[in-house]
Amino acid sequence: MNKLYIQTLLASAVATATVSTAAAKDLVFVSWGGAYTASQQKAYHEPWMAMNPDIKIVNDDSGGGALAKLRAMQEAGNLTWDLVDMTAASAIVACDEGLVMEVDHDALLAPAPDGTPASEDFGDMIVSPCFIPQIVYSTTIGYRTDMVGDTPPTTINDFFDLEKYPGKRALEKLPLNNLEWALLADGVAPDQVYEVLDTDEGVERALAKLDTIKDQVVWWEKGAQTPQLLADGEVVMGSTYNGRLFSVIEEEKQPIGMLWDWQVFDLDGWVVPVGGKNEADVLEYLKFATDTQRLADQAKYISYGPARASSAPMVGKHAELGIDMGPHMPTDPNNAKNTLLYNYEFWADNTDDLNEKFQAWLAQ
Amino acid sequence: MSATVESVAPEQMVTADGTPLKVSLARARRRARNRALLLVAPLFLFIFITFFIPIFSMLFRSVENELVGDTLHRTVPLLQNWDESGDTIPGEEVFAALQQDFAEAQKTKSAGRPGRRLNYEKPGFSSLFRKTARKAQKLEPPYREAFIKISKDWGDVEYWRVLKRESGKYTKSYYLSALDFSYDSEGNVVKNPGKESIYIKLFWRTLWMSMLITVLCLVLAYPISYLLSTLPARTSNLLLILVLLPFWTSLLVRTSAWIAILQQEGVINDFLVFLGFLSDDGRLAMIHNQVGTIVAMVHVLLPFMVLPLYSVMKTIPPSYLRAARSLGANPFTAFVRVYVPNTVAGIGAGGILVFIIAIGYYITPALVGGQSGTLISNLIAYHLETSLNWGLAAALGAILLGGVLALYLLYDKIVGIDNMKLG
Amino acid sequence: MTETSNAIVRFVDVQKSYDGESLVVKKFNLDMEKGEFLTMLGPSGSGKTTCLMMLAGFEPATHGEIYLNDQPINNVPPHKRGIGMVFQNYALFPHMTVAENLAFPLEVRKMSKSEVEQRVQRALDMVQLGEFSSRRPAQLSGGQQQRVAVARALVFDPDVVLMDEPLGALDKNLREQMQYEIKHIHERLGVTVLYVTHDQSEALTMSNRIAVFDDGVVQQLAPPTVLYEEPENAFVANFIGENNVIGGKITRIDGQSCQVDVGESREVQALAVNIGGVGESTTLSLRPERVSLDPGDDCPNVFEGKVEELIYLGDHIRTRMHVCGHDGFIVKIPNSSSHAQLHEGAVVKVGWTMEDCRALDVLN
């Protein structure tokens, strides 16, 4: 009697579970939330769902902690994510950890309209065999146009010049970007930055340069902090992602300008968790969502550059503001006179060590 | 006295049917006890699964180190015969085993993790393992030369020393790092130079800031709780809701509100400049430093102090103070000598609650802490979320846990845990 | 008040209101003599505790003046009044030992250590608790705590000691024992005691004088015997001791005596104490033990009574009768051999003297 009851209960539970999954297939995509997820929704998800009406893409906004959560899920053997949006640096870690799968970019992704294979079209952007690049963004510097007098800052040296531009600065509470900028401002040749940084003396030199402005720095940990600090007039200059600055300048019309000199390029893209239940659908989605047109489309909604070379000429106007997005792309020739691309290999090896040194320096 | 009892003892008490009384009593009690046990079993199971298992598995990570030995399972046993104190790298048979290990690891894509693990000890391992795994399958003997051709690091005896040291099943390197020690190139444990030591400094900072926050919470909460406990129920309930209001607001919203109030272009500074107490250039820095962290955390944690204090104060009859007054004590003496001692239970409970929460807090310090308001938990969060160095995070967490337990025992010794009343 | 008196405590036209709408104490006048044991007796809410609190200084008088040793004390804070107080729940300090509790009033008076010790020892001896000096209050029985509370209120030799229902929490036997103990301490020390209780037997046992409170007003202030024998109004008659109440109308007043019609054309001769004119209503008060079962020929009030119920109480037999149209007429018959055995349903003659039957105001 009792046994029969339990069996029935189990059977009905299983039945409901199957029914609920069969009705519409949900794919869980993890991304950063906010304007960024919205741009993906409009440029990729919605057109693809229109083509595949039985599939529903569910956005999970846990981007910031995705790496740790993904590892916890994989260790527990309870993966609920199908696709994850990560920075290139995180993707390299995830790949090393075996959390995400390696892909053959040419086999998986669409070639450029002129037939150039994907691996060539993406070129250097493929920094890890697991990483499917999506956008190029840059960490750059914004400044208050009304707090810098008649001569706005033009070079990274100005950021370190407290006499010419007195006032507080905002920098990320991490060594990367900051150490590179410090060396560049200290006169290190751009192509030798990582060579210098690979030595103890080089690290000391970078920290010594940062020491000159340390008292005036507000250290941020979340990307939204600098735009807010700038808008409140708490800092005169600060580093943040170029897309954040775009929206605070163009959408909120704050008196803020951008200093593109030595912007640091970084990449963001997709990784496919190992052992996902809907792998075939996800791969099909990726082929669609990373083709030349789709990547160009995303730039209509957010000012990040498409990772494909072939997408660049197709970037149009902002969907709502009607501004030509080209000049706002970090990859625009006017903006990209002096740029630095991360040495991912270097940072993969040295992040932990340099972060410890950096935090110790901060705590002094 | 006890001797007389012993001499009587042989005359064992028995029940009517001759069973020893003790046996009978135990039997009678067992049923009730089993039933009680059954009632608490779900809770016990829940706590065991959701509390003890995660904590112990996390603590275990701080010493666990099977990764390297598992991946390089041919190389590691051979390394035991290699003398790391010399200046020569291991011989060809070790490299041959290494080639087999890497070729196998490449197939299962499992070379990255040990590489990252060893990278904590010596930067460079991560890319070394990645590079090597990619090419391992195609290597031809002699392997030693082939490996060094991939990267000259394989010819560096320091890399091999680290590899051998960290190939065991357990490691103490996470704890060494967490206490600001490291290995030098010869493999000796050395204290990190002052400017590179960070964790001890942050442990102390966390400790004293948590204590300060606890004291400030107490100073602020005591009068509020007293007011709450003496007001008529309707008014005090309303006030209590105001005290609890922060609980119902998102932590981020509350913290952002503090930023708006405390920042240099914020409300307080504007007001002080307006009144002429400050010049426009002399605005106070009250956020993105320790002051900001302390103010925001005191606000967030205040209810945890108010509630136990309030619940204890409510049980203190007003006649105690009246008795003290009628016995000749002025209001201050009556308060200090009669009222305060009776609230020790609430002070203890609230203090421990606030202190323990404060010591593990990281969202607020991350947002308003700046460089001087960073706490140890911020670094734990960093190692958990960003660097994925869970071993170090676990070691830091274990040390923090140990510290809290030590303080708890100290508290028990001085005040007595029985004297604590959580409400 | 300019005239001096030998009263140690004086209440002069004291009124008290908590809400500004109703008076809790309506008009309180009282003179307490030195060494007197005066009890304020009344139902709860009658204002007696409020008067005590005003004297102790915990409640300000709304109107009127209170004098202690001829000094007005309305503006003297409680700790400067030098009045000892025993609280209903003892209010012993739980975090102090018995000795520390007793030492507290001495220490706050900055007495020397040796004197404190000496006085504490004397107080402990007085209440026979010498061996408990290092115990905490929670480790004592209710009676012991009570004694400590009394000792603490006396240890600093106050002029006046206030006791607010101090025996309320004790069981009956202990309460009676403590009544005698307090009474003896009072007699031995000659201290002035103002005592509050709602228990009339307690008041009768201990007091020199009793103030009966009702509705914020002192109904009668008199020694126990007077209060019992000669109640001035129906409330006091009813509140103190057992009382047969018979309502009626005055038909004739004749100096000290009067004639009352109690219905069914029965006339009762009563002592005119507190009555209006002829034709007005009155309440007759008659103590059950003053009713005689074999009234003599000269007895002015003789009626027939039918026995309804007999309750054997050892020393006397409580008999409920039907007399003059009242069912609840109680007669206490001493348990002596001289009395005939009654049985339920028997009809007997009952009678009482004119002096024992007091004509009072109407009970409202």
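Read from first to last, the chains carry the letters A, B and C; within each, the first residue is number 1.
Going forward, a contact is a pair of C-beta atoms (placed from the backbone, for glycine too) under 8 Å apart; a residue touches a chain by one contact, two chains touch by 3 or more.
Given the structure is predicted, the values throughout are model-derived calculations rather than measurements.
Number of steps on the shortest path from chain A to chain C, with steps defined by chain touch: 2. Of the two interfaces, B-C and A-B, the higher number of touching C-beta pairs belongs to A-B. Averaged C-alpha coordinates put the centre of chain A at 87 Å from the centre of chain C.
Mean C-alpha positions place chain B and chain C at a centre distance of 65 Å. Once the centre of each chain is set as its mean CA position, chain A and chain B turn out to be 30 Å apart. The touching residues of chain C, when paired with chain B in their complex, are 56-58, 77-79, 81-85, 87-89, 91-95, 104-105, 108-109, 152-153, 156, 162. The touching residues of chain A, when paired with chain B in their complex, are 64-65, 67-68, 71, 93, 95-98, 102, 168, 173, 214, 217-219, 221-222, 225, 228, 232-234, 345, 348-353, 355-357, 359-364.
Chain B meets chain A in the complex at residues 108-110, 112-113, 115-116, 119-120, 123-127, 129-130, 192, 195-198, 201-202, 205, 259-260, 263-266, 288, 366-367, 370-371, 374, 379, 382, 384-390. Touching chain C in their complex are the following residues of chain B: 317, 319-320, 322-331, 333-334, 337-338, 341-342, 344.
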